[in-house]
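The following pair of complexes shares a single chain, subunit A, combined with subunit B in the former and subunit C in the latter.
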Partner chain A sequence: MSTDMGSNGPDSLLARPLNWLETQSEEVYAYVLLMPAFALLAVVAFYPLIETFRFSLLADAVASADPFGEFTGIDNYLNLLSGDTTFTQQFISITTADSFPFVEFGAPFLQQAIFVTLAFAILSVFFETIIGFGQALVLDQDFYGRRWVRVAIIIPWAIPIVIQGMIFFLIFNPTIGFGSEFMQWLGVFGSNPLSSSSDSFLIVLVADIWKTTAFMALLILAGLQSIDRGLYDVAKVSGASPWQRFKYITLPLVAPALIVAMLFRTMDAMRIYGLIDATAGCETVPSLTCLVIIALQESRRWATASAVAFLTAVVISGFVVVYLLALRNNDGGVT
Partner chain B sequence: MSGDATDGEVVSETDPAVDIAEQAATEEPELDRGIVEAWAARMISNPQLAYRATFYVATIFFLVTTLFPFYWLLVLALTPRNSLSEVGVFLPAGFNPGAFIEIFTTLPFHRYVFNSFLIATIATVAVLFVGSLAGYVFGRLDFRGRNPLLLLVLVTSFFPPAAFFIPLNRLFNMNVDVLRPLISAGSLYNTPYAIFIPLSAIFLPLSIFILMTFYSQIPDGLEDAARVEGTTRIGALFRVIVPLSAPGVATAGVLTFISVYNEYFFSSLMTDGQPESWAPMLEGILRFQGEFEVLYNLMAAASIVAVLPVAILVVVAQEKIVSGLTTGAVKE
Partner chain C sequence: MDFVTTAVMVDLDSGSDGGRVGVSRRRFVQAAGATGASVSLAGCGGGGGGGSSGPIQITMDAEWEGISDSVTQSLYDAGLDESIEIEILPGDFESGARRSEFTSALDAGRASPDIFMMDSGWTIPFIARGQLVNLSTELSSETIDYVQSSYLSSAVNTASDPESGDLFGLPLFPDYPVIHYRRDLVEEAGYDPDAENWATEPLSWQEFAEIAADVWEQNGGPDGDQIDYGFTTQADNYVGLACCTFNETMTSFGGAYFGDHENLFGPIGDRPITVTEEPVLDTIRMMRSFMQGPDAEYAHPDFPQISTTDLLSFTEEPAREPFTSGNAIFHRNWPYAIPLNLDSDAFDAEDYDVMPLPYGVESGAGEYEGTGGPAAALGGWHLTINPNTQQLSEAVQVLEAFANQEVMINNFSEGGYLPPDPSVTESVNPDEVGPLGEFLETLAVSGQNTVPRPVTVAWPDQSSQVSSEVSAAYQAEKSPEQAMSDLESSLNSIESDLAE
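After this line comes the complex of A and B, so read on.
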């Protein structure tokens, strides 16, 4: 057969399966080519996900060689949700319970973590959407040097998380950074922001907004550029003000792209770990992923950690469903 | 238009029969205004000017907020160690470029960066190869189960890495005798495999979507022609479709490389942090923070060195990044 020429002779080890593949139907061919991808996903995603769920139904065995004890059903979840699970480290230095993150001292760890994670996700996505929209509107204009402005806006998105953390760790370091001094002058921060939960929460929030607004901006920009420019001309002729053009043309048409961008950002924000670990530390600003690591490394409570990890996944899927519903409604409404 | 609305009262006083253009010309000089009001009035009567001004203010604001932290990092890196507490906001307290040498002598920082590069490169090659096969199938073939399988790929990117970590950690710490000839310890922990295997899988879905989009745009005729010329199906994929979709492959490659290089979660948990155990760049930076608590200038210098590769990549490949991010998301 002429197919032999394609595999170039000498490596008959490779040629044989390739020839076999030639004789198969398109369907078999498709499944064979998908095998490597699904093998990788199975090892790294599907199998661990199922295992995590199985682990979360077992008891903690802190002292024994195998960290998992007997089957306990949903006890881990019940203990976590009712606040009975406590960790060696509780939230320290909550001085401002009545102001910003509103976390009260002594609240069960998981509730604090869920609160921190949700508050972080909602606030960061909110500000990123607004600022990202601004950046997208700027980038949508035609002006000299647009390319370089775009590079400048993308660069924070492309830097490693550890360096993002380092930058904000240094800026808000009380001895050298200017950030803390400024915030103290405003009266927002206490004396050592990086060990106070509410101050650190703000630092992490600002750092996240600084880095990932660009992602939002790019996705919104793509939405903006897909809008038919003719619509604006029609609106101009019929006398719509720029604000009206924005409200009645730009906003509805960009909404699907906006919701997709917000979905991606929310999923990402709920996984927050690295930024916290590199700046204030997981004990100061405990997110859900932080909780997994603390349970795992500091108290060797693997089963509890698995339950928290699975719970994180459940919370994220909840958000995904909400967004998908919004997207569906939106599609029905506009088009 | 907005001028009419604001000057509504003036309009109502005048004779309704007067032409609108005449109104606009006559009403302005009647008012005695301060500087701010005059400026506001000018903006109102000429909205184009206001938009232009807002645009420049916004652009400059965005440029300053995104770039200033980098500039200050440089300021800090250049400040000599003993005057660190006097470092200014805009200018360094002294001039000491030696910090950029010192980071390589106090720690083998180059080894950390090399490890990161190696891991990111292997992961990129693996993702491009596996993603090409899958992207080809999803983009060009029609078969039963296509949509459910695509959904399955998508779903994996919803889950947080923490939900995969515990079993993977156990798996990679397990001693597998088969691996002994390859890896002295017998387990994958403290090897590049422990980082690039999970990261390849986590960033695979995005690449599949990007490649799928690009591959589906190649006309069928080109593939058929290659097959008539006598190449295999796989041959047609790697000799015709992949080369013709070079921009798409580059996009997926650049995004995967940046993502793996920047990743934190697995990179920080899958090694013990020693450069000999293939710890990536992030461990190097964190060691500057952990062990040398007051050497802020070295932390800054190390950060700048580690940021340079990705910054260059962004400048060179910004179009690819933009198109990749948007196709990846729009595919949804």
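After this line comes the complex of A and C, so read on.
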């Protein structure tokens, strides 16, 4: 096996590093083997992020062939954070005021992308978790027809986003939809829900909950089914009430799966775009991703679009860090 | 710990009992490295094709692709060298999506397609960025003279550099809206469109609204369930509101975005902003009355209700559908809707007609040059040449061939595309040009009263400001005064931001 060692040709070039490798510990060897993967990750994950950041420090050049102008530092970020962009929809636009509540909105609340996105992410993940947990608890029981209930729960998840968007668009379409009249009768919606930011926000929220609750239910169900049934038998013998069984057995044991599911859903919700585009449109419900598209495609302001994209990544990673901190103290195996 | 596990798994394959035997690390790294290198080299093998001599590619849309044989043949008949092959590619039907597609093609310096079909509403920003071939230096002087003297001048303006006046796009077809209406319902209600010359003499908005309200009333009105709308138009918060429906109505009342129409294409930052004036506010108030009646908040007391707030979510197609299905009496739309309406199942072709858009104040009564009188927003498309093309002279020859009356007539009869030279529209034999042939007189009147949108490099930003402020005022979220004053300040800030 080792007779060709030290021979002429390309092998001699490699001899020194290979000999060095032969003397290293298992751990160093493992890192060396992983280096190509890290290099690939750097190219596909970090290079675009760094380029986006670099673009975001340049000026917009709407009147020249090159879409980027001179270096302007953090001007684009300042414009975005002070609500001073040329778009109708702002990233954030708050000014301080002298009287209660001491802040004023420069643009309406639901025309500010950060609030639309945060409100959407928090509300949708909250309701999806609660409803999904309920569905998972039902599915975890043995009962006749359980298979059919599973299918029924998963159907919304199987529908493509744009088709689902069209369903909700048509429900609230003024000429053929039935939804607007019903909601007006309830006194919830105004005369034209798809043109009103608050009504459309609710529509998008409900559409998302309808669709993705199934996703939460399935992940939580997987967590539930990995719980040792014997624990419940012991608890029953010890006289624990159903609530106590839930609180002391189900919840702690399902928590890692639950938090991972919520992490996925939160990241997904913060990136919401397709559903909005197919129902109310980005002008009416501007999410962060919407703002990137508006800046890029309508205004051809590439630098501003890059800045919004980078800020979006920052906001999402902020949320991810919170989840990772929550997961650090249990054996979920994510961190 | 994980790393150790991995190493153990490798060892298992060699059947060891814990010691490391078999492949040495150096062997493994060498083999893996060689495999990786050859895989990545293989990945570079493809691509790179494409030479300088292929067909001339024109990105148009699926409709044009459908008639490409006939279009190509008419170009050869017009004298184009038959050795030049033409390929019409279907671009996205939606204008905004096509703009994005072309923006990326030009920003990336791609050589294909050779010719773009660009919306007259967004050609000028490409010209201002220097991303198109200057046709004034490429086309023959006869063609340039023909285009500049005989083509619809408002269309030529949207294809030229506002500063130098050089031509960068060859207008392919203009587009201007008309009012589509149900002749049978109008006549049953006691009106006589023929005697009153509706086809060629525009009504005022006042007369139009009163007629529409009356005919609607006789067919159930707002509270009945026979016909849903007296009138449908586009009032959604979208690009068409700023460029077209609001622009034309405001212009017909004597209002303007930037004062005199000579300011439409600039200079940015050095032109008045006139959106807070009374004609502009009246336009909003009239639309409020149309949707919610004269007693509604911020409505104009002189105009009746002829529609509903559904208008607020209508773009072209949602506004057309109720009309084509027999649920509206009057409808504002582009000529593309004519063949569709003639084919309606809800009414016969003879029960359908068109007329020019109404006017707010008499021609010349507007305060600004170009305003007042009937006004129809100018849509339409131009052909422009990609500066990165490797077949410039062939592309230029194709454009030369398009500037031909026979080609225009062919496009008109095959696809319903209006000739960019109005004299062709007037002289054409109505029987030869398909469904639009019956309505040539009306189309000619609309063509004489077109108003282009104010396209500059600032317009993409300004357009969304206009549509969202106007939409907010239409929904009575803001008073017309407040919305237009907000619009004035945002237009101002964009103008000063981009001042030339």
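Assume the second predicted complex is superposed on the first by the 259 of 335 C-alpha atoms of A that agree within 3 Å, B and C clash if a C-alpha of one lies under 4 Å from a C-alpha of the other, contacts with A are read in each partner's own complex, and residues count from 1 in each chain.
Convention: contacts are C-beta pairs under 8 Å (C-beta built on N, C-alpha and C of every residue); 3 or more make two chains touch, one makes a residue touch a chain.
From a predicted model like this one, the values you see are computed outputs, not experimental measurements.
Legend: residue contacts after superposition of the two complexes on their common chain; A:283 is shown touching subunit C, with no touch to subunit B. In the superposed three-chain model, the partner touching more residues of subunit A is B, compared with the other of subunit B and subunit C.
Once chain A of one complex is fitted onto chain A of the other, the partner contacts of A:238 are absent, as it touches neither subunit B nor subunit C. When the two structures are aligned on the shared chain, A:52 is found in touch with subunit B, with no touch to subunit C.
In the superposed pair of complexes, A:18 makes contact with subunit B and with subunit C alike. Once chain A of one complex is fitted onto chain A of the other, the partner contacts of A:298 are limited to subunit C, with no touch recorded for subunit B. When both complexes are overlaid on chain A, the residue A:29 reaches subunit B and subunit C alike.
By the touch criterion defined above, A:175 lies against subunit B and subunit C together after alignment on the C-alpha atoms of chain A. In the overlay built on the shared chain, the residue A:317 is in contact with subunit B alone; subunit C does not reach it. Of the two partner chains placed by the overlay, only subunit C lies in contact with A:192; subunit B stays clear of it. Touched by subunit B in one complex and by subunit C in the other are residues 2, 18-19, 21-22, 26-27, 29-30, 33, 36, 173, 175, 296 of subunit A. Subunit C contributes residues 3-4, 6-7, 24-27, 29-30, 32, 36, 96, 99-100, 103, 106-107, 125, 128-131, 228, 236-238, 308-310, 312-313, 318, 321-322, 327, 457-458, 460-461, 463-465, 467-469, 471, 475, 490, 493-494, 497-498 to its touches with subunit A in the complex.
The touching residues of subunit B, when paired with subunit A in their complex, are 1-2, 47, 51, 55, 58-59, 62-63, 65-67, 69-70, 72-73, 76, 84-85, 87, 89, 129-131, 133-134, 136-137, 141-144, 146, 149, 152-153, 156, 158-169, 171, 197-198, 200-202, 204, 208, 230-235, 258, 261-265, 268-269, 281-282, 285-286, 289, 296, 299-300, 303, 306-307, 310-311, 313-315, 318, 321-322, 325-326, 329-330, 332.
Touching subunit B in their complex are the following residues of subunit A: 2-3, 5-7, 18-19, 21-22, 26-27, 29-31, 33-34, 36-38, 40-41, 43-49, 51-52, 55, 134-135, 137-138, 141, 143, 147, 149-156, 158-163, 166-171, 173, 175-176, 178, 210, 214-215, 218-219, 221-222, 239, 241-242, 257, 260-261, 263-264, 267, 270-271, 273-275, 277-278, 288-289, 292-293, 296, 302, 305-306, 308-310, 312-313, 316-317, 320. Taken together, the subunit A residues at the contact with subunit C in this complex read 1-2, 14, 18-19, 21-22, 26-27, 29-30, 32-33, 36, 62-65, 67, 86-88, 173-175, 191-192, 194-196, 281, 283-284, 294, 296-300.
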